[in-house]
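Okay, here's the structure, questions in a sec.
For clarity, chains are labelled A, B, C and D in written order, and residue numbers in each chain start from 1.
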């Protein structure tokens, strides 16, 4: 019985779906890491575009239509991020956890608390 | 017994870890969607930097040191992407799946197969 | 006498200097428009990095050290922008003037005055 | 006589034209350096978008329609670059020349010739 219990991990499912999408369209030929990095930053730019003329307060109070639009652009950014990880053979969850370990050392709580300074600026 | 069986979803775990990291440092005050969108594109730029002078072929053949570096920059991009979703109240997995549904309509297999044209360029 | 009076146009001088810099290092081989567009956005990301955690007010009140840093990153962005124009055979000043003509039509004073709406949002 | 001889510098003219455009629309209120840096990278992203799926060779052989499109996006990037310099009080031509002086030291011809390595990678 327990052998049938499988963790259905949402990011694994999404990655598999994206890969199928790409294969069905024979797009892997265009998906060099170089090209995908360009595509990802283009989508990140579309996220930035939503916020460029807003105040910070306005950006904290999106209405439903704005939330949907931002969700679309975030999603496109995420899909290309997943694809870069895929074609480079990087486990994104593992890499992110390792990077947070590093960031925790660069930004120890006692120095970082309440400060927006870069770690290179710490005394 | 079964009540103890919980799906431990890796992206949920990561998001929770990132949120704790931010709270411990009292950084939520700086994390307006506007600021986070800026931070995300800065990190996306660091991904692009790795590939800017490589040929496409070179970008497909990263050595281990390069893979680690790219993994770091992808991770930073991912963390900010998770934070934007968090502070905007967007379910990233759900949003991504909806966006792929839309993309599947914009890029039907019969038109998109083997083509790098934008959907606006289809006849 | 007057034949010796030549307009010494500052952007033409800068472009010539940049071209010499590139030629002396035999870098034209790397300067495809694709690669230069990547390099330009990487530098634009470094401009954004300076401002990501600042409030708008803080960004309006840079001290001399910050101004120098922003000047460095703006300059790198500008140099790559000049290079893209150069290798694509685009006259940047002429192109910019034409684009401003177009923008003036998209954003007529009577509709645009005091509004940060995108032209696609005008009624 | 000589007092009438004025250098008509193309970038000064363009900057003046852009400033008038902004003033006529009462847009200076939105033009904090923070917001302008966001707007500039959004436009840089639109430059990147033109090239993301092209090979390097294709990017070197734009047809007239593509050149016009790239010219539009470069122009928008340039206009925001000029605005950032303007509102920060930075002389862009002077800053660019100083930065090239610095770059010449970081990338001496004998080390940089024919190499796409970053200066931090020099032995």
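In this section, contacts are C-beta pairs under 8 Å (C-beta built on N, C-alpha and C of every residue); 3 or more make two chains touch, one makes a residue touch a chain.
Source: prediction; values computed, not measured.
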item	value
C-D or A-D - the one linked by more C-beta pairs in contact	C-D
Rounded Å distance, chain A centre to chain D centre (Cα mean)	28
Rounded Å distance, chain C centre to chain D centre (Cα mean)	2
Residues of chain D engaged with two or more neighbouring chains	30, 34-35, 37-38, 41, 44-45, 48, 51, 53, 55-56, 116
Arrangement of touching chains [line / ring / star / complete / other]	complete
Residues on chain B engaged by chain C in the complex (per definition of touch)	30, 35, 38-39, 41-42, 44-46, 48-49, 51-53
Residues of chain C that touch chain A when the two form their complex	34, 37-38, 41, 53, 55-56, 116
Residue numbers on chain B that touch chain A, as the complex places them	5, 7-12, 14, 17-18, 21, 24-27, 29-30, 32-35, 37-38, 40-41, 44-45, 47-48, 50-51, 54-57, 59-60, 62, 67, 70-72, 74-79, 81, 84-85, 87-90, 92-93, 95-100, 102-104, 107, 109, 112-114, 116
